[in-house]
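As written, the chains take the letters A, B, C, D, E and F, and residue 1 is the first residue of each chain.
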């Protein structure tokens, strides 16, 4: 599986973790997590640039790129406590959406088949289709719930004359049966898209979508608790899809379709942590980090921290499961030392 | 009424709505809302650039410019449910503040006289004087309450040797009787201006100004409720003035006089929505969006969404008034479909 | 021919010229020039964003958008002396390169068939293939010479696994016979691409490529004169392709693949002017203006001026042909008035 | 004490307050506050630029630079109610960390010895060591509590082979005895540094560090109240150290080591105010404002406002102490006028 | 003469030279040069921001702000060899063009009357009218030639309904008789403004305008020599007006109306030097530096260097006149030492 | 030799060339060129950020990072025709200038001792001292000529109280005898530093410094020819030092001390090529690329191309020496294929 990722910068791994080669399954047979770049932005309806997302998310950190990140909050070092490998970037090409999606799905499916959790660095949100499908091919169509942070529902039908694009992956996933509509939990929607026809379709699928007004009125914590209960009902795993535009443009300017009025970065990090700590996450993606529109790299930093927060929570969940303990968010930092 | 707006970019309408010509009253006789650009920044005390505000607010959106924006939260499509027209830009010239204010007041007055709600895209805050005066000429001097979101009181007397400028419009409005001092509700003030003399004058006018400390201490919701009660007391309509610098510079960097510690974009959108849903708004303005200091267009996006939020709430208010129903902010997005 | 261009901003015309609809041939039957946007950047190998090129090139000007631009240097007002219409943007989609190229070629061919000169605003350089092919369909395969300003030869074979992309259009044009290899004049090449194999292919096609070293050593004027002689030999028209990256990144930072050491903006404008004045240009394109990487809009300004310079020279060429006069570049501005 | 500060811009004072010369103690004998620039960024581990912090913090304000700033919230004009002088910048040199720290410590000690409160404008956080030591030399080693707002604990041991740098000052202060470990209150920590070994050391020193998770879970107000009680226990004064990166990168992008998920600017301003109103602050610093990474000057604005908020609260504390009154944050702005 | 300049930043002088007060003529009675800021941008037709020009030009330099700048090329230290004072900023207000122009003219006239050379830092080009008029009031109407570097002729009649603005000062100067039309030398014009009517008026005034095409064809040196001969014919002094947009946008992006295809910074500096060395310059201005559109401060640096180059050449001219020597541009730097 | 370079980004090599370890001499025994990063900016007098130079220069390229760069102009593939290795970054620390210089000198000396040409990526210009000294330790003190492209002479004595810094390396080199003063060729000097005293010292050392005025007057080609003759006289090798600020800020904005009026990027590339083709270069450095002040990466691109141009010319020089041929800059690109 040759790589085009180097087209978009040097061939590096996420914060210096060890690399693996998807063509050599032995190399990642015992991995807990395999990171994969999907530098595809040919499905963006507006501002492009997410092709540079994988590179930016991998390297935007002021700490040494040494494959270690001890979480203050969760008291784990996910990059060490878990076996985390980076498989590099999938070969994609903006001008060929079908071919790109096939290549991504195949790569994700290989990772999932190995038993590792694929962590996909986008790229635009088009890749949710191959990402979640690749996971579902291993865990079973309809057996995975989706927790989806986003300003947009991404349930469009045909856009720009095409079935595929960053506004449609969630519909395609439901249509194919990869994910059940009634196990789709959307958090952070807002703004002026989609219109009634698509919303009707979504209702018909029994999706559960939390628009920001409901979130502000009821509180994010309560909404998440409710969503998690649905996600856990009759499912074998959870796929977590994080579109960075779920955050307010003030916290995530470097993205393609910014929608004012979103979550703060703090809220997103806490929600990602909680999702990965409380639910059996079997795959995840962070998408729509678009460096050309970023400044002072703040969106790339956020993307990097979303990955670390997720991995740390997964590591802590596993440790607590083994120990029979439970993480206490109110515990002072230096307590217990 | 020839236009100079094209000086500051192409001749476009707000998100593609139909255009009208203020010199042809028949063309907007049945309008619910008429949008007007006031590309004037000759009254700015510090960073200029708000002249490009109307152009930026009109076109900064990642969705098609097709004259339709269905609100997820409010379940209306304001640009279609209301008849919204765009009259283009008033002829103004930074170097001639008096002439510019006259032209703006006249344009706003024509719109108000037609029965439509003028929605003015600034421009710096100097334009609040002609905007609110133009509305008061129709609804009656002293008959309109003012709800004013801003970091600054804008009640200066003489600045730079002049009566007019972006720090003084509110004083001029009270002095002329266009708006009663005791029907002036200011939300979001903070920082180090104005000094005691001006504050004493404001107190003498019985203005009600909510500084951020009070807002944080009591809660924005409670402050708004209190303010609305005052606004509704013995008035025939409400004028809504939104200075984008009421938001924190992190959420609205593209403005002339940024003051740290403001509202989040989410808070502003919710407050604008609530104002337009609960009060009889007869005119509104969004001012001080200064594109030269914006990045990734996030302030322009916010300005665009403030307009849409206001229009959507007005549309919903009218529909609910007709239906006898009431909007429920806790209703899940897909409920009732 | 519905348009998606509004996806990337408001629906405007080049500096306010009249619009036409490609589906209504009568509307542009008498046009001298038809401007067409091709907001396609799905073929970019590196920094995307050229999809916003048509919008930026159309509106980046500090003068009124009034459909008039009297050239100081050439003493014509091209937008008035010629009948210049704007047909808007072709429907393209980054994710579908084949479909996009077909749509562009068809649109250009319609314009060429009408007798007008198509002026295509890119978009990435992939569009040179449909642009020049569309023109050749009218003027005859092999009957048009190509004058090509660029840092890159764009003669790659397969890139990213595809025949089409912004590094290959020139090869495809020669292979199809649309343009003869020995009527291909390339000016401004430099840097480290392509490698020997492709250069051998180019030599085999008898292309004439002026690398910057030759240009600096011999002088741009002499190189152009030599190139023009080749272009005029046994041809019925000339297609002018201007990739803005032919200029030094200091003069054109807003582009996808900047290569240091290029022409100055002054040199490019003079060369474009001379090309359009001395040669029978029957079509032209300006590509690779990528606004996300621009600052202070200087690359967009340059793109706008390349179009105006070309149109002014065409207008002057026609006038001089009619008058039997010849333009004198040394004539003082106010002489003859 | 000659100055190099002019190397980094013109020789100005904070918002136009009077200047003093540290070599002339009579000139600041009666000062309440002396501002000092420490334009040193040789201890930064990542993005440099804080050397321009003093200049930016001093001049970034849209109001006249007239040495007056009446606080709306606190009803004092700190720059007038207190005698505030600006001593300019200490001579520092990025390449010589030891020499720079000596010079800063000496300058701060002189100010503290005069009885004035030193307000140090950084510079990177390395300067906390000389700043707090200089204060402790006057007030007594171990007699000053530290309230420390930061994303990072800054308790590293050896970094880059050195004892000094922006990640280590707090350890050095405890080791020297200048500040007791159990009087160290850290607020806003988060992310992935330091690791267990350093955390163990911190615990051993009985530091109290509030990580963001605890802050979010318990509430910032409650955490501050608890911290203040510790700070007041058996101490003669409080040193306040504000690293602007305690704020979220969305609110403070212009800094060297941004860590997503921090406080909002509003939270920081309120916390600084409360610290200076409720505690006997005898010295303070604002550090890590790095203009090269700022945009629209929003981080510089925040730095300027942190200083003003602190000074205003100190002024109000003194007035209330004299009056026997107490500030009411819920009091409406115009009440009592 | 109170100052508003501090509104736009701290109260500083050009690179640290001594200050003077225009209300105290004794203070500048023996000055050779008095620098004056005119932070007015109310006459800008497009991008504003030149109000911050004086502040930026004064302080943008990486060398110590110590009132000394020894020129490598000219072997003088203009800030020391000449007595150069800075009178601060004139009170202006964007919204009041007439009042602002009066204030500027009066200030310049005072300086000229003292026998010093006024060096005015703009501001937009509107100020050329009061600047040159103020000089002419001392040296005599019609007795001063104008050497004018600009992309634009600035000879408009009525723009935006007004006589005054940054596109008209040169016409007003000729109409008033302050400067003779046939002693007007314009260098660097290009682009698409003004139209034939204005050009005819210019020709009628016998202005001599060098468009870039003539400059490229004949060479800048030859054009300057020709222009200088005209300027020296029957005149008592020369006024030098430098609009930074005479440079290519690549070299001067921070300006209001950038026009591609201009001079390089090197060419401008050499031309300014030569003008001030060869001609009896009695006043000069540098205008249209607009910091909001600058990046990395490169336009502000250029503005600062234009002033230094002019002052250095004036100093050298005076020294050579005294010595009877002549500067040799080909002399190696270290020769003669 | 452990590395801190990863502190400033991921651990990558120049465009993907093979890496080597300076502690393992066998690994680079047969290298022609060894690239070394010196991410030190503790000696910068003004804008810092050059610490990120090595990382930026290594990775800023739109072509695949595949260790191959066939030069169009020179017809060699330097990264393949030569054995080019990358040894990573030297451990440096901004706060410790002496220690950093020692580490750099030692690393360069090791490379030189191996027979390879060291190519040092700065970092600020302070590193010229250890770079050239390290080379001289191998080739002999006084046996190497220096060709130095720069806006500044860098011959200061004591700055900021120190002997070392980016304004002094050239003096230190002459004082130590590493490089003879009369074999110092400086090209591109300009502006207002240093003053007479330092210039006198330079003259006393018989340095040859080409200020831009001489270069413009005589022509760069002639000046270079003259300089080369001096450089070749009684020397065993040439050290090439390129400070990117020799270019005009329009072409190289991302630098610490920009000085308007410099070379174009084209001129610099041609001069670097010619230097490396005509002279026996035994070491070289590219310094002062400061990414925080860059935009659209244009300065980083230029830095990358300076390295490639130098290496390509070295490769061609060797090939021509072996072949007895000579490169012809006027040869058309496709000739001889």
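The rule is simple: a residue touches a chain if its C-beta (ideal position, glycine included) is under 8 Å from a C-beta of that chain, and two chains touch if they have at least 3 such contacts.
Just so it is clear, the model here is predicted, and its values are computed rather than measured.
J.: Where the contacts of chain A and chain E overlap, which chains show up?
T.: Looking at chain E and chain A together, the chains touching each of them are B, C, D, F.
J.: Once the contact rule is applied, which chains count as partners of both chain B and chain D?
T.: A, E
J.: Work out which of A-D, D-E or B-E repeats the contact pattern of B-D, with more than half of the residue-numbered contact pairs in common.
T.: It is A-D that reproduces the contact pattern of B-D.
J.: Computing the C-alpha centre of each chain, which chain sits at the greatest distance from chain C?
T.: Of all the other chains, the one whose centre lies farthest from chain C is D.
J.: Taking all residue numbers at the chain D to chain E contact, is the shared part over half or under half, that is, same or different?
T.: Same; most numbers are used by both chain D and chain E.
J.: Go ahead and note the Å separation of the Cα centroids belonging to chain E and chain F.
T.: 38
J.: I'd like to verify one number: the distance from the centre of chain A to the centre of chain C, where each centre is the average of its C-alpha atoms, in whole angstrom.
T.: Chain centroid spacing, chain A to chain C, equals 41 Å.
J.: Calculate how many whole Å lie between the centre of chain B and the centre of chain C, each centre taken as the average of the chain's C-alpha atoms.
T.: Spacing between the chain centres: roughly 43 Å.
J.: Would you give the residues of chain E that are in contact with at least 2 other chains, written as numbers and ranges?
T.: Residues 7, 45-47, 62, 248, 250-251, 264, 293, 295 of chain E each touch two or more of the other chains.
J.: Chain pairs that touch, all of them, please.
T.: After working through each pair, the chains in contact turn out to be A-B, A-C, A-D, A-F, B-C, B-D, B-E, C-E, C-F, D-E, D-F, E-F.
J.: For chain A, which residues count as touching chain D in their complex?
T.: 62-63, 68-73, 77, 248, 250-252, 264-266, 269-270, 295-298, 301-302, 305, 308, 329-334, 337
J.: Within the complex, which stretch of chain A touches chain F?
T.: Against chain F, chain A makes touches at 6-7, 9-13, 16, 58-59, 62, 64-66.
J.: Which of the residues in chain D end up touching chain F in this complex?
T.: Interface residues on chain D, with respect to chain F: 4, 7-8, 41-49, 51-52, 91, 93-97, 99-100, 126, 160-162, 164-165, 292-293.
J.: State the interface residues of chain F toward chain E in the complex, per the touch definition above.
T.: On the chain F side, the touching residues are 45-47, 189-196, 199-200, 202-204, 207-214, 216-218, 248-251, 253-254, 256-262, 264, 293-295.
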